[in-house]
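Across the two complexes that follow, chain A remains constant while its partner is chain B and subsequently chain C.
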Partner chain A sequence: MGSNAAEHHPISFKWVLQAKDKGATVMHVDPKFSRTSARSDFHVPLRSGTDIAFLGGMIKYILDNELFFKEYVVEYTNASLIVGKDYGFEDGLFSGYDAKTRSYDKSKWGFELDADGVPKRDKSLKHPRCVYQLMKKHYSRYGIDAVSSTTGVSAENLLKVYKEFAATGRADKAGTIMYALGWTQHTVGVQNIRSAGIIQLLLGNIGVAGGGINALRGEPNVQGSTDHTLLYHIIPGYMAMPNNEWQTYDDYVKANTPVSNDPMSANWWQHKPKYFASLLKAWFGENATPENGFCYEYLPKIEKGEDYSYMYLFDRMYENKIRGGIIIGLNPMNSVPNSNKVRKALDNLDWLVTSELHHSETTDNWKRPGVDPKTVKTEVFLLPSAHRLEKEGSVTNSGRWLLWHYKAIEPAFEAKPFGDMFVGFMKRVQELYRKEGGTLPEAVLKLDYPDRYDPEELCAKINGRFTKDTVVKGKKYRKGQLVPSFTALADDGSTSSLNWLYAGSYTEEDGNKAKRRSTSQTPMQANIGLFPKWAWCWPVNRRILYNRASVDLNGKPYNPEKAVIEWKDGKWVGDVPDGGWPPMATGKGRYPFIMSKHGFGQIYGPGRQDGPFSEHYEPVETPVARNMFSKQLNSPVYKYVSSEMDKLSAPADPNYPIVLTTYSLTEHWCGGGETRNIPNLLEAEPQLYVEMSPELAEEKGIANGDGVIVESVRGRVEAIAMVTVRMRPLRVHGRIIHEIGMPFCFGWTTPGTGDATNRLTPSVGDPNTTIPEYKACCVNVRKADRLTELAT
Partner chain B sequence: MPKSFLIDTSRCTACRGCQIACKEWHELPANKTTQYGWGSHQNPQDLNANNYKLVRFSEHLEDGVVRWNFFPDQCRHCVEPPCRDMADMVQEGAIVRDDKTGAVLFTEKTAMFSPEQFEEVRQACPYNIPRRNDATGMMHKCTMCNERIHGGMLPACVKVCPTGTMQFGERDEMLQLARTRLKRLKRDWPNAMLADPEDVNVIYLLTDKPENYHEYSVASNTFGPMSKKQFFAALARPFRAMKA
Partner chain C sequence: MKLDRRRFMKLAGSGAACLSLGQLGVSLAPVKAYAAEMKISGAKEVVTVCPFCSVSCHVIGYVKDGKLVNTEGDPDYPINEGALCAKGAAMFTMTTSHHRLQKPLYRAPYSDTWEEKSWEWMFDRIARRIKDTRDKDLILKNGKGDTVNRLESMFLLGTSHAGNEECAIAHQAMRGLGVVHMDHQARI
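Up next, the complex of A and B:
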């Protein structure tokens, strides 16, 4: 659900097929019947943007029929915790909402604590304010009729999926959910995933073999780049980005280190200062000392509450507030919503540095169709980039495995890996500051920056080193030697590490573990397909996170047939346990969800911007005028920008009655900037198309293969009609609603293939992540009189 | 014993790794393709001199259930190839069979065939596989990656297949695997069948009716009672045997 795995993560689907061979039922819930659906046991079409209604119905079904894994829910999730009196939910709004700032006061959602500051629990799950009871009440509104009418899924199909998946609530069964951008790219993206989290915790499917919520990452190395902070709001290892309220190292540490008063909670983030100090040591080297807060004060700090994600960056660019920048590894003129606006915004830059394999809609934006290059002031630099096959380095897969990929050939001509470019940039910037000075030159000059980009050395630095002679578990390490694990990291300046999660990946004992290719395993590991000596997995080579939730209080596997770990003869065997403490029943154990403050799987999630439970809200552009679950039509806290080009159509606007969803293709990579230049791939998928049902095509007088115009309130796009039974009309709110789908990989720099689908999509985003709502907006479609963007 | 492919369509996700790998290995140029007037994921639209392998897409709605079938089409490398028998009547050695691997190969001598003679060969193929390069006059189709096999490698299409759809090995092993898979699939797909397993070295395992994949998915599907192809095949066989 929320993924078209066979098409977008083809290798992941190999394992799905193997599970199917062993009797697994594979269900595909997705607006479009795709190549994934073709290989699933069955496909259930639903309207884009109604996943929470669908999943909320499943939560209700599980609770009503008591199909949840009771012991797991009571012992390992926060279902038994008692929520404070300030929590409330009324007609689509949680307590603490401020309409003026469009935000919640999350302090209203906290747990009720006892005199020692430990959350109160009721293991009978009867207390009216325990999470279980609040959840039951919250999702009681998600009856089959309302869900069916909202999603367009028949009651029969809903029950078919609910029954099949809820059957995994037994100790000896597991169920997994694979999702990708089909869930994230919504104004309720995070809550889509939260809904799945609630279901998997209820069914005891987290921490077990064959369970989990599998976020599918792909070729762009989303996992690796997120771990190492491609995003603005975090620094490496999932620590918060410093902001203006944390001016000193002590401010930062105090604000970011959670405290738990429960001796049973491992509260792993209590170690954050060690990871943070080691990161600063890695960044500033000898210059970082405990006395100067490890040079923390030289770090740039964002304004608290300000959003620096690309939706807002391009808005600021549009408003003439940005002068120049570097765009690498991204083709935003094709892949960012409301392309007409972002293309115009880019014209406002004085300078732009890009680096690509091929010219793209971004590198060549200054000469795009309809624009006189003489009127564009931007000076554009296009640096030739090395291809993946021309450089070595690491990638991290969806299962958090760190894998080395080797260089196959030398880069052609003057092409260079990005790493070389960045090192080059920084050396020159340092040189300029050294010569000319400037504002706060220390921030740049005190960095411990390499002279040369060396991926091996960088990986060693990511792992981390001792900065003085140290003894760990009786073993002596000299200054400069590699740390064996993150447990060796300290907050006194004696260690450095560019990312604590990767500590242990490159050690004195075993070298670069990303290169390991041994298939050796114990019979217990073989039984569930674990290969602990193949590559390396963060953290500490633990292959299944939260695996102590797979055993009972005595350390016995709930499913002995598929045991992940087991407490045997005074120690854990199997996978690397999530913390080595003895089983809970000994009284010396710790709750298994060690990364959450209280140690529990979070059915109730008070940390999100849009509520502790998921709630169905319509997409910002919706074909219906009301929400069947509350008076609140859209998310009360979704993000948006508001230039004159950021128009939104009204709910149920008769001019735009059709739902559009957008997606990738197997044959083209993301925005297509690379793959459109590969003739054999372009041969296989040559042009922008729009998939639509025969019913809609007939209504609009469109035949398969016709040129059509798709229009939203923001723009229009030419496409070729692909009339297909794989798109089904949906019965929503008592009437037929049509949905169409388009890929976004085609662009004008490949003549005749079409141009950006994202000229149609809106700049509205999730309140937690600001990911735009690419998956659901409203459009209309008509037959084209003539085509200018597509070769005929 | 020749080599055989098993193409288990029940596992195919139509990723087209096979189609692209085939082009890459044979260094075949891309065709100019279009969606205009076509509107299908099946591109190029048909096999041609630059595409020896083509994943065919076929969809239909059956009692409200969508079926989308994928058929990675290629030469079947027939046990008794009628194309060779037909070609032998024009020019012996233009189409040959490598007895070691079972690969049926179009040689450079096929360039000597007139368009009409090529058409005869094409008509002789029950699977509508042979294609002609109009510029060179040469005939083209899947080569079984014969040189790769002699070099101890798998055919390119099999090598890249991520799902286990494309299998390759000794003929008896592949037949065995085909029967095992068929038995398993029959449980859910009573119509499941092997396409002409006795006659070809590229054995398709189908779960739906053959016509729901492709017009030429099985030989019998296209045969009338004594079709032209059959006629020529029957005619050619004794002729060839006589010469041998």
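Up next, the complex of A and C:
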């Protein structure tokens, strides 16, 4: 669901097909019939933005028919925990909602604690306020009729999917869900995934072979770039970005280190101070000491609750509040919503540094069609970047494997790696501060920043080093030597590491493990396709997270045929266990979900911005005027910006009655800035098109191959009509609703191919992630009188 | 018995790294086999990772006299087992594309053309722009008097194309400067 893996992650899909050959049922639930659908057992089309209704119906089905994995649910999830009396849910709103700030007071959703501060549990699952009962009540509203009418999926198809998937609730069966941007790019994106999390926990499908929720990350190193964090809200290793309320190192540590009073909970984040102090040591080197809070004072502090993501950045740029910046390996003039606005916003910059393989809509924005360059003040730097084969370093795949790529050839012409670029200007900025002084020069000058870009050395620095002679488990390490694992990291300044998750990847004992290429494995590992000696996987080479949930309280695999780990002769065998404690039944074990404070899989998730359970809300632009599940039409907490160019159409606006969804293509990557410059890829997918059903085409008088105009309240786009049964009209709220689909990879710098589809999409985002709602907005379509953007 | 590529080569009784299937007597048209041999024989094999999507298929680059002569999927990597999609298969053209930027380019304010500049010139000018912006706009305290040390008027966008090591120093540089507007493809 929410993925077209056969086209967007083609190589991943060959493993799905192998599973199918072995008897697995493969189901594709997605608005569009694609090559994924063609190779699945069956395809179920649904209306974009209604996944929670679909999945809520499945949760109800599993609960009503008691198809869940009871022992797993009771022992390993928070289903048995008692929720406090302040929790409530009424007509689409959870308790604690403040309409003025459009936010929830999450303290209303906490668990009830006993005298020792440990959450109360009722393992019989009968207590009226236990998570299980609250969940049952919450999803009782997701009956087949309401779900069918909302999603446009027939009752028969709903039951077919529910029945097949719920059958994996047995100990000897596993089910997996593959999702991608089809789930994240909604104002309820996180709750789409939460719904899947609830289902997988109910069915005991997390931590087991062939289970899980697989995020098919779409970008080349998006896992690594998230771990190492080119994002505003976190710092490397998934720790919070300091904010103004945490003025000192001690404030930060206190506010960010969870405490559990339950001796059975590993509460792994209790070690956070060690990871944070080691990161600051890696950033500020010798200058960082315990006495000065490891130079914490110099770090920027974001304003608590403020959002600094794309959507808000471009809004501030549009309002003339941003002076300059750097855009590398990214084409936001094509890939960010409401392109007409962001293209205009970029004109307001004084300076812009870009680095790319080719010219793109972003690098050349100052001379885009319809704009006189003589009116654009921006000073633009365009640096030629090296391609993958022209540089070495590591990347991290979707399964968290750390993989080394070697340099094959020198960079073409005068191209350089991004790394050289950062070192190049930072070295000079430091020189200028040394010479001239300036505002808070210490923050820049005290950085332990490399003089030259050396990926091998940086890979070691990411792993981490001892900053003084240390003994770990009887073994002596000298100052400067590599730490063997994150368990060796300390908060006293004796270790440094650019990312605790990667500690153990580059060691004195085994060198750079990203380079390992051995396919050797034990028969037990071979049985489930684990390759523990190929490269390395974070954390600590554990290939399947939360794998202790795959065994019973005695450490015996629930499914011996597909064992991930097993307690044998006093130790764990198989994968690296998620914590080495003995099985739970010994009384010395720990709950398997070690990263959550209480140790349980979180069916109830009180940490999210939009509620502890998922709830269906319509997309912000929706073809219907009411929500079948409550009076609350849209998410009460979705994010938005509100310049005069950020128009939204009204619910069920007759001018824009058609749902638009957008997607990638096998042949093009993201905004297309690179792949359109590859002749063979452009030849395969040369032009912007719009897929529509024959029924809609007939209604609009459009023939296959016609040039058409697609319009939203924000903009208009030319495309070639592709009339196809791959798009189906859906019966929603008792009437027919049409959905169309378009790629978004074409742009004006490749003449005749078309221009940004994102001129149509709105700047509204998920309240947890601010990922924009690219997957559902409202448009209209008509035959074009003439075409200017497309070659004919 | 499952053979990986290296073992296949070994069993085929060849010590040379780059014999083509044609030479091993596997039924390929002789002309095709000859052509393949010409292309990669004597070439150095270098392992890289496809730069598109997080399946991270392994690709072998064949290098002869410092030039890339061919690319193909790495049959040993347990995930792609030699297979590649359309984008991965275009790795060679991608690297050698005639659309590649050749030199650093500079566009002066209100100008309608690019000018070629040296890297040194560009770095100096960029460093000056960054420092001036930071000196002017760094916010030391917020309205409540909290120390915040943030530079809101400058940003970094991108990129998941960067390797881990590049991301790590990009993040460090930005936080050192006080940058808070930072984002990339993970949020697209």
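Everything below uses one rule, namely that the second predicted complex is superposed on the first by the 790 of 792 C-alpha atoms of A that agree within 3 Å, B and C clash if a C-alpha of one lies under 4 Å from a C-alpha of the other, contacts with A are read in each partner's own complex, and residues count from 1 in each chain.
Everything that follows uses one rule, which is that a residue touches a chain if its C-beta (ideal position, glycine included) is under 8 Å from a C-beta of that chain, and two chains touch if they have at least 3 such contacts.
All figures in this text were calculated on a predicted structure; none of them were measured in a lab.
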Discussion item. One more residue to check, A:A38. First (chain B), second (chain C), both or neither?
Written reply: first
Practice prompt. For A:P373, decide between first (touching chain B), second (touching chain C), both and neither.
Written response: second
Worksheet item: When the two structures are overlaid on chain A, which partner does A:Q687 contact: first (chain B), second (chain C), both, or neither?
Response: first
Worksheet item: In the superposed arrangement, does A:C670 touch chain B (first), chain C (second), both or neither?
Response: second
Practice prompt. Would you check which partner chain A:G419 touches, where first means chain B only, second means chain C only, and both and neither mean what they say?
Written response: second
Worksheet entry | Contacts of A:G570 with chain B and chain C, given as first, second, both or neither | neither
Worksheet item: Does chain B (first) or chain C (second) touch A:A721, or do both, or does neither?
Response: first
Practice prompt. Have a look at where A:Y308 lands relative to chain B and chain C in the superposition and call it first, second, both or neither.
Written response: second
Worksheet item: With the two structures laid over each other on chain A, which partner does A:I771 touch: chain B (first), chain C (second), both, or neither?
Response: second
Worksheet entry | Winner by number of chain A residues touched, once chain B and chain C are compared | C
Worksheet item: Which residues form the common part of the chain A surface touched by chain B and by chain C?
Response: 10-11, 14, 666-667, 679-681, 684
Worksheet item: Which of the residues in chain B end up touching chain A in this complex?
Response: 11-17, 19-20, 23-24, 29-41, 43-44, 59-61, 65-70, 162-164
Practice prompt. Spell out the residues on chain C that touch chain A in their complex, using ranges where they run on.
Written response: 4, 46-58, 61, 63, 66-68, 71, 76-80, 83-88, 90-91, 93-97, 99-112, 114, 119, 122-131, 133-138, 140, 142, 144, 146-173, 175-188
Worksheet item: Tell me, which parts of chain A touch chain B in their complex?
Response: 6-7, 10-11, 13-14, 17, 33, 35-39, 42-43, 666-667, 679-689, 704-707, 720-726, 728, 787, 790-792
